[in-house]
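Chains: A, B, C and D, in written order; residue numbering restarts at 1 for each.
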Amino acid sequence: MIENAKVAVVGVGNNTSALVQGINFYRSTGSLVGIQQPQVNGLGVGDIDFVAAFALSDGKVGKDLHEAIFAPPNNFPRLDTELRPSGVTVQRGLTDVTEIRRVADALRGSEVLLYSAPSGRTDIAEAYAEAALLAGVAFVNTTSDPIARDLSLLERFQEAGLPLIGDDLASQFGTSVVHKALLRLLQERGLTLVSSYQVNLGGTEDFRNLAENPDSKKQSKLNALGADRVQLAPLGYLPHLKSQKIAYLNIEAQGWGETAVSLDIRLQVHDPSGAAGVNIDLIRLAATALRSGRGGYPTEAAAHLKSPPGTAV
Amino acid sequence: MIENAKVAVVGVGNNTSALVQGINFYRSTGSLVGIQQPQVNGLGVGDIDFVAAFALSDGKVGKDLHEAIFAPPNNFPRLDTELRPSGVTVQRGLTDVTEIRRVADALRGSEVLLYSAPSGRTDIAEAYAEAALLAGVAFVNTTSDPIARDLSLLERFQEAGLPLIGDDLASQFGTSVVHKALLRLLQERGLTLVSSYQVNLGGTEDFRNLAENPDSKKQSKLNALGADRVQLAPLGYLPHLKSQKIAYLNIEAQGWGETAVSLDIRLQVHDPSGAAGVNIDLIRLAATALRSGRGGYPTEAAAHLKSPPGTAV
Amino acid sequence: MIENAKVAVVGVGNNTSALVQGINFYRSTGSLVGIQQPQVNGLGVGDIDFVAAFALSDGKVGKDLHEAIFAPPNNFPRLDTELRPSGVTVQRGLTDVTEIRRVADALRGSEVLLYSAPSGRTDIAEAYAEAALLAGVAFVNTTSDPIARDLSLLERFQEAGLPLIGDDLASQFGTSVVHKALLRLLQERGLTLVSSYQVNLGGTEDFRNLAENPDSKKQSKLNALGADRVQLAPLGYLPHLKSQKIAYLNIEAQGWGETAVSLDIRLQVHDPSGAAGVNIDLIRLAATALRSGRGGYPTEAAAHLKSPPGTAV
Amino acid sequence: MIENAKVAVVGVGNNTSALVQGINFYRSTGSLVGIQQPQVNGLGVGDIDFVAAFALSDGKVGKDLHEAIFAPPNNFPRLDTELRPSGVTVQRGLTDVTEIRRVADALRGSEVLLYSAPSGRTDIAEAYAEAALLAGVAFVNTTSDPIARDLSLLERFQEAGLPLIGDDLASQFGTSVVHKALLRLLQERGLTLVSSYQVNLGGTEDFRNLAENPDSKKQSKLNALGADRVQLAPLGYLPHLKSQKIAYLNIEAQGWGETAVSLDIRLQVHDPSGAAGVNIDLIRLAATALRSGRGGYPTEAAAHLKSPPGTAV
């Protein structure tokens, strides 16, 4: 019987809440609903133990992980599963590179460090990666900060026999997944795209940040898809939606004889679930790669990432 | 320079209107909008000449093809293209097997017979297939009547060096195409389907017939897709929609932690355009197969057919 | 302090389930959510006691009312309220006019008889009305059977000093309410209606009956609204929806310069809640009218009925 | 027979394009489609002559009015009506109060000055009002700048026997009209609002301005409606929509027993048509009030204005 993966996590936001609760849910129910891969190299969905957690907010630090995941501004719902105290107390995360040693010490006993903090602080992400190197732990970067794309860093993980997975998590099922699938379908069937847009509404802290600081790369990413006729409306932060995202997609196209084809889609989904559904695969992949001594970037991770090594920083 | 394909058509309904107008449109504009395959074995979209047409209604027989395609109950819109008289007078279609000889004589000079009458009269479809055999013409069956699935018939076409394509046209872009693509996407991403339904509204004569005589096979076809949780609401015949189809799809699923994922889609499309966009490929395939002496069923047609040879009758 | 109204009910379907559960819910929580009239002549929403109930199915007769309301094919959800045994055992309803006397005896002690059986059995509805007359009890007819519109019956209730309310309950909030409000809005603002349609999907037994036996009057009722351009698509019975109704409305109109205006609406609602939200007012009205000796039809009921006395049978 | 109203207009944007084209359309076709009031005090929809026009952009000044209304960034569609040269050359609008006299001279012969420039330049709006006073012309302010709400200005128009109508045009049919109607309907039927939001997408220059400089008052206006649970998502400027506006509304409510009621609405409408459909009434009202010597604010205008005299500045 395979041993559970031992995971440390940076960031105790909605995504971590979804991941922690979900693992507990699947372990206690045996359900496989919503699961892409029941087994990754022998590890099941419930075969994960959290052994350390780092956060910055006073409302979370010092609390048991199973309590901290419900502290505001987290607003992912309580899943239907009983959570007993985890025994893991949330530690203060690092805010300065001088603390790398402290974090490395705290990582002893972990196999994987899941970096699930907000994007935008590359220096902090790098510091945690250094701590992982020091502690001999695999590193999974879910943010858009360039860590796995940093070739010298990747090389050092490889040499140390430590897996490094990243960057920028692709959600299991979100607006982009649906939008791309429909645009691809149009193309396959020979229809000609006239125009398309996407409206995203949500109520998480992440959403608020993105609404206030629009991601300038997002439009260009859509264009890269070959769809220069796809427009993004500004994100709408609507607090009452909590961790739900509502998206409206419109696609106007032309078929035979230039007659009109219209598609209007409304998608409703829990954003943190989309992240957890992918994180569960990445941490199992990282843990099993570590155990078999495969350092560096495991190419099986590519489908789950928006910016794997080799893509532009 | 390749010669135009010479096509005879049975049935002068909306699908034929869309096909005839569209070919004229593409030939005069050079547009490639809405076209899946600009060239099929060297034949372009405009490289089709209609040389004979058969219909049954008094409002169509005896008229020029370019006039008959607008006779009621046809209600496909007039495309933005000038139609001069075609020189092809619509002939009375056969209603009795004794007329096979007459039809065969009328087919001399054609390369392809496109059978685009309403489904449900297998005896009539077979009679036209016999006429095609007699006249040495390829046969394309767009109806759900079993013609290409009739193995003895297929064998006779093969021996005669005549292509036989069918059965049951798969629309270029319709409700099923979108529904299947989204259900497949769900599955690929590991989501679990909870329930799904499909509502179809339309205003053509075909739609009226289907609404009054529901296709009992349709639900089972959807089930065959592996989606026994997909329900079909009864078709709604709404005359004011004319040749437009409006479909509502709903998909309820569960993702990570059994959290809810909802997709609501509204699709608006011209049904006859979806048929014409596929017929254009089938007749070019049939004509070029005939010219190169390839009798029987050309496997390239499979993607465009719901019930190719080998599937259940 | 006013005494609770004493109510007997015919029919233990979803509507009765919603009513019985809801009264218990409002009584125990003090909530006023979803309530149109907190007080009707001094009676609050929770001031109702059920004292008798009649049903026909073996799965319901002989059971406590609080158990019978959950027997199949009922599928209205369990509200978040604890239901202790009601002490009311469901009696076998009448199927023959010879049983009027038995029912009348069973009604002793009631103030109001709420007739909430399926529409379409006028003879049965009349027999219950006769029993109410015999027992000196007010009568509320929620079905489309003509009871309050039967002038001789109405006169007899009036002479007996007994209230008679009917016919045909208008839901508190359903497809028609929304559709009419939007069509009226269009008219008020000077827009010109081009076309409109309505699609209704549901999963109750009532819905199945209506889907199999379409109500021929329904289209004419819509027309009476002055909207001869409004089409009804056939009802779709989708069992998985249970007591939820999903409706799609479309309105196409023209404004200034004949430019297009489009409205697409999706409505999701629990049908039985719409009935209960109106029944609660009708039974309070009937009970208080009875107490003050007002026989016949109380005009305050008109807003809640589709076919009050004086409208066509 | 009544004489046509003589109208001067400030601003040659989309709203003026819709108004000018529409009047010509209705005059030539006799259509009454989309018209709220066929007659206002004897003036029909086509009984308007434009006699002067002012604009600032080089692409419009010096051009015939019937040409200038199609100059970019205007993108209201061409209506199906032939426009011969109007004989009215667009004059340069004022940018400085020293030009009031020039404008007043240019207004001789007009009965009504329609002020249809972008909102936000109260000084300019006031200067045009002064010119109207000087020239003895009625004034209609469609912007949110406080003109009719300026009591001393209103008094001066009243004393001069000149009508003054404003401020802030309420569209004939737009997102707010539909949203308010549905929220009111909910309230009338006793449902309890849980949450609601509104998303607006459009492609006009006005829309771009509003998207870049959000109207801080808009949320508070919605709140004033009594619906503090209504959220506005940020406006989305999507150029390809041109003068069309697409709005998504969502309303979540609770009915009987706190069961859920959901309404999702998609509205598609031409914004400038909504403005023209109201301007046509205001200018006819202003012209006929002037003719009968009724100075000041005609109360019949109230239904068409968001901020009539007496409301807060």
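Couple of notes before you dig in:
Going forward, contacts are C-beta pairs under 8 Å (C-beta built on N, C-alpha and C of every residue); 3 or more make two chains touch, one makes a residue touch a chain.
The UniProt protein names, listed by chain, are A, B, C, D = Inositol-3-phosphate synthase.
It should be emphasised that the depicted structure is a prediction, and the values quoted were computed from it without experimental measurement.
Think of it this way: of A-B, A-D or B-C, only one pair shares over half of the C-D contact pairs by residue number, and it is A-B. Each chain gets one centre point, the mean of its Cα atoms, and the points for chain B (Inositol-3-phosphate synthase) and chain C (Inositol-3-phosphate synthase) are 47 Å apart.
Counting only residues that touch two or more partner chains, chain D (Inositol-3-phosphate synthase) has 264, 266.
Contacts between chains close into a ring here, every chain touching precisely two others. Contact residues of chain D (Inositol-3-phosphate synthase) toward chain C (Inositol-3-phosphate synthase) in the complex are 18, 21-22, 25-26, 31-37, 77, 79-80, 172-173, 177-178, 181-182, 185-186, 189-192, 253-270, 273-274, 276-277, 280.
Chain D (Inositol-3-phosphate synthase) makes touch with chain A (Inositol-3-phosphate synthase) in their complex at residues 195, 197, 199, 201, 211, 229, 231, 233-236, 238-240, 246, 248, 250, 264, 266.
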